[in-house]
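Shown next, in structure tokens, is the structure this report addresses.
Order as written gives the chain letters A, B and C; numbering starts at 1 within each chain.
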Amino acid sequence: MLDVLAMIEVSWLAFVSSAMILCFAFLVGRRFSVQLPDQRIAVSQPNENGAYLAMWTVAPTLLLFALYFMFGEPLVRFLLASDLPTGFERLTSVERQQYVDRAGQALGLETIPSGADPIFHAVVDRYRALRGLAKGTVLCLSLFLSGSMFLYQLRKLSGGVRARAQVEGGIRLLLLLCAAIAIATTIGIVMSLFYESLRFFAVTPVTEFLFGTRWNAQTGSEFGALPLFFGTVMIAIIAICVAAPIGLFVAIYLAEYAGHRTRAIVKPALEVLAGIPTVVYGFFALIIVAPAVRAVALRMNDMLMALPFIDEPVLAAQPTNALAAGLVMGLMIIPYVSSLSDDVISAVPQRLRDGAYAMGATPSEAIKDIVLPTAFPGIAAALLLAISRAIGETMIVVMAAGQRAQFSLDPTSDLTTITAQIVSLLVGDSAFDSQRTLSAFALGLVLFLVTLFFNLIALRVVGRYRVRYE
Amino acid sequence: MSDQPSVSPKVSCKGVDVFYGDQQVIHNVSMDIADRAVTAFIGPSGCGKSTFLRCINRMNDTIEGARVEGLVEIDGENVNAQGIDPVTIRSRVGMVFQKPNPFPKSIYDNVAYGPRIHGLVRDQMDLDEIVERSLVRAGLWDEVSDRLDSPGTSLSSGQQQRLCIARAIAVGPEIILMDEPCSALDPIATARIEALIDDLRQRFCIVVITHSMQQAARVSQTTAFFHDGRLIEHGETEMIFTNPADTRTQDYITGRFG
Amino acid sequence: MSSVHESLTRRRRAEMRFRAYGLAAIALAVGMLVLLLATIGVQAAGAFSHHKLQVSVEWTDNASGPTPPVATLVSRLNTIVREDLETVFPKAMQDRRSQVELHDTVSRLALLPVANRLSRDPPTSGSLFAFDVALSDDIDLFLKGSPKLTSTVWTDGVDSIEQTVGDSVELIYEDGGLLALQREGESNEPTLLLQMGGVVIRVASITDSVVSGKVLVGEVSAIDDQDRSGAIVHRVAAPELQRNVSDQQIAWMLVLQDAGRIKRTFNADFFTNADSTYPELAGVLAAIMGSVFMMLVTAAVALPIGMAAALYLEEFAPHNRLTRMIEVNINNLAAVPSIVFGLLGAALLINFLNMPRSAPVVGGLVLGLMTLPTIILAARAALRAVPQTVRDAALGLGASKSRAVFDHVLPLAAPGILTGAIIGLARALGETAPLLLIGMVAFVAEVPDGPNDEATALPVLIYKWSNGAERAWEPATAAAIVVLLAFMVLMNAAAVLLRRRIDRTRL
């Protein structure tokens, strides 16, 4: 019985039991209140009474299962690890943990892999029994608590409690909890990044990580992330050099010159550009742009070497290179720059333009002298958001930028970035106890903080700007 | 500019029609506007006086779908003729708007903007002189001479409107168009602008749109009454206000509609 | 005023230049978009069809017992195909290398679908069993025109053919009409093949009246008088060392094509197969199912929570610090790089909560958290668009705040919320980076049955295929991209239609 229970997913168990409790309590609450002799229906409708009872009855069950979901499995593992057969004391706690992990994996399989010794079988069985016991306890406890709550609230209901106000309060609380999930997500991100990073910095000093110039995380244990920062900045600069002028001019043309028909064609095209998945951009960079960059670089090398004083290739001309990644990333962020800039340019009041035109300014003079300076903070914010996106962009650099952590100002050499390294460190099987894996979280922390910084400034500027012209 | 009193009108319009898309908003307006005098345009909201005013410096070009037909001449030159750049027209015709719209620049740069883009100055001294002269004429110099570097938007709205007038004067226009220049101002600021208009009459041809009958009577020599996109009556201000020829004019100035 | 006129030409030119920059920027952006889509379209076009070899044999069922397992059937079919090829090209058996090359034209795993069909519905012994089998990726690419093959018909008859040593032959054209062919030979083309009937000769050298070469397929003695009256000259665009098909394989394919044994069909396998290590067998079905399960989880997480959060912030929230904090938080969360959500998934869901790696449920949760801010922002905008009068009317009738919101405001805002949600989900569908961090890159050859099964997703499949070494992965990747984009277009079209309907009901 418990063994069967052990194999049922917690989420299903929670879902089925709370759904049943919910229905039962709702129906009972509805019937009960209708039968009340003194008819308090003026205050609460039958449905509201049902909802009231259901809400209170299901609450303990949900709470218990939430607790189990968070702490149940770790608790079972802890119990199992401290209760291993004799002979396991010789292992370190990490090794014991790994053994338990393996037992957990075997539990998920239908048949235990052949070649496992009887002790392993015993541990797996014990694991299953413990897990079943834990789930059974939670189930019984939740039934007991919900039952008591049911009876208690039923009495209150017959005593004429104001069900509607409470139900509405409950709904409001539920909505607030949903809104708070956004905060919980942020906290989750910050906590997991900080926690794993702290484990990383316990071995590798922060200064070595931030200022070290050699990155060799895959094979060696050199964790100087400066070359990654360099690569990230280099590619982001290339991208912004492409996206800023093009995006800005697109925005200016659309906001100031273009007629309805041009806008009707160009705006959807830009939306398509913004909607294309980054992995598609990566593919484009890999098969079209990178080879083209390489071909041009090789030709330039030939031309330069024809000169008398140059006798070795100047450009690296790698098959994957920073320029290709940067160019395509620039293409990708054009719509971000243009749509945000379009908004801020369009928000500049028409009377300022009229003033300039009435002075005899040409449209371009009105734009350069009056509109752009007025819109400047907003445009700067748009560029900041675009830079932040470029820094956090992953697939293009993973596919087209290369893997070499180096300092090279030559855009045709291959460079690697923070995001590309995170991917290459965490793809494939990775245990959460190696310095190599943990370094990915340290990189993630840097990435998160830097982009957060940019975003906060940009959003604040955009917000202030909006207030000023509304 | 010559000192002799001009005999021919400064602006002459014949059969002007304006369309927004398919809709006609000005119907066959013909009118002469005298130099060195103030002409007031009056009429109920949406009667087309503002649209007609914008024909004189071709500001209707900036509105998508607007089309102007007919003849608008300044000193006998058709402003809508082919090959005429609106930029040259606008350098000869200054405009002041309903809501003060100083550029988000310093007071000095606001006034210096026109001379700069039109290449009217040779050096900094020249420019300083133009700025000072324009601000003096607009009656603002005494109030801002010590803070020319502060932004134009930091002034009070009455001062902002005078700054806009100074900005328009700085280009050295022959005509100044004012589209309800006092509607956003308090009475004291309004009085100052009215005095300024009266002062500027000595040098410029001025057209003022106003909703206030009293203001029209105070500042203008000639008044034109518009209704429903048509010019109903045009004549000496005193005549219009004391003895209007058309009943609609009569009704409007006595406050029966509008 | 003359000075105004003086500077006018210069200012006009500046105006024109400025306008031209704007137009150029638009042209550049739109042009790059067109180039990107065209590249993918052209690349993908090849992958939607493939070449198959038609084989038919007399089926002999030696064991009348139960149908043998599929693996045995694959081996048997493999033998049948090989023997069939060997009967057509007996010379290939002369040396080990060409034997391997011949066998390489069809990969063994390509027979799996045929074997499956066979085990379900075995033919009776002695009947004719006909089936098609996909040719290997390199052969398929060659038949699709890479490397390029140019064929011209040569109407000059050969006067005599002399077999010198082994397979070497000399073709003698006595009237010396070989100038054109000579030019072809001199044009620095690496390979020149002469086809006469069922015989293919690789040209080694051409002199005034003699073409010498090596017979790749067929016997010289089999060339009859009709064959002698002319020849087909095939030029291959790349030298043999630079391509993955040998001259010998090309010669076989030419003969098989002439015999009508090769046909180009719609590549249905691409949509019904799971992933494979062979590009000619790889399909997108498993990835599509993985993505579908993931999107279901994402929608189940993000839609109700996002809607509830928006309702709270827009309708119920008091203006206090907590509310402001939540708002700032949501705005920032919307701009956090997606890979950070992947790190969250790896650390929290997989490492701490011990959820399974490579499962759509984890991917869906991560993408759900990622999409949540987008949906909240869209839902708030939709709620804000509901006129205040609706709330006032309901409250005026004595409805409670919640009733007013749930009975009147929410139904009016629902289509708008849904539109925003669909667009958010479409974006999540194309997201790759976070999935890489939670193990969805694992090679999965089975179509998943549910959100807890091991699975991969479409964008991840694209990433993996783009890393493939064989050239045939390129069109396959592009084709997978087309499938992904098609799904996204469908979702966006649904959103647009929905938006149109809202606009109509509002009017």
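We adopt the following convention: a contact is a pair of C-beta atoms (placed from the backbone, for glycine too) under 8 Å apart; a residue touches a chain by one contact, two chains touch by 3 or more.
Since the structure is predicted, the reported quantities are computational estimates derived from the model, not experimental observations.
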Measuring from CA centroids, which chain ends up nearest the centre of the complete protein set? A
Taking contacts as defined above, which has more of them, B-C or A-C? A-C
Could you state the distance in Å from the CA-based centre of subunit A to that of subunit B? 58
Roughly how far is subunit B from subunit C, going centre to centre by Cα mean, in whole Å? 66
How many angstrom lie between the centres of subunit A and subunit C, each centre taken as the mean Cα position? 27
Sequence positions of subunit B contacting 2 or more other chains: 87-88, 91, 117-118
Could you pull out the residues of subunit A that touch at least 2 other chains? 360, 362, 365
Residue list for subunit C, restricted to those that touch at least two other chains: 4, 11-12
What does subunit A use to touch subunit C in their complex? 9, 69-70, 73-74, 104, 108, 164, 168, 171-172, 174-176, 178-183, 185-186, 188-189, 192-193, 195-196, 245-250, 252-254, 257, 262, 266, 269-270, 272-273, 275-284, 286-288, 331, 334-335, 338, 360, 362-365, 367-368, 385, 388-389, 391-395, 398-399, 419, 422-423, 426-429, 432, 440-441, 444, 447-448, 451-452, 455-456, 459
Which bits of subunit C are touching subunit A when the two form their complex? 4, 11-12, 14-15, 18-19, 21-26, 28-30, 32-33, 35-36, 39-40, 43, 304-306, 308-309, 311-313, 316-317, 325-326, 328-333, 335-344, 346-348, 351-354, 356, 369, 372-373, 376, 400-402, 426-427, 429-433, 436-437, 439, 441, 452, 459, 462-463, 466, 474, 477-478, 481, 484-485, 488, 492
Subunit A residues touching subunit B in their complex are 259-260, 349, 351-362, 365, 369-370, 373-374
Quick one: which bits of subunit C touch subunit B in the complex? Just the residue numbers, please. 1, 3-8, 11-12
Would you pull the subunit B residues touching subunit A in the complex into a rising list? 57, 59, 62, 64, 86-91, 94-95, 97, 99, 101-105, 113-114, 117-118, 164, 167-168, 171
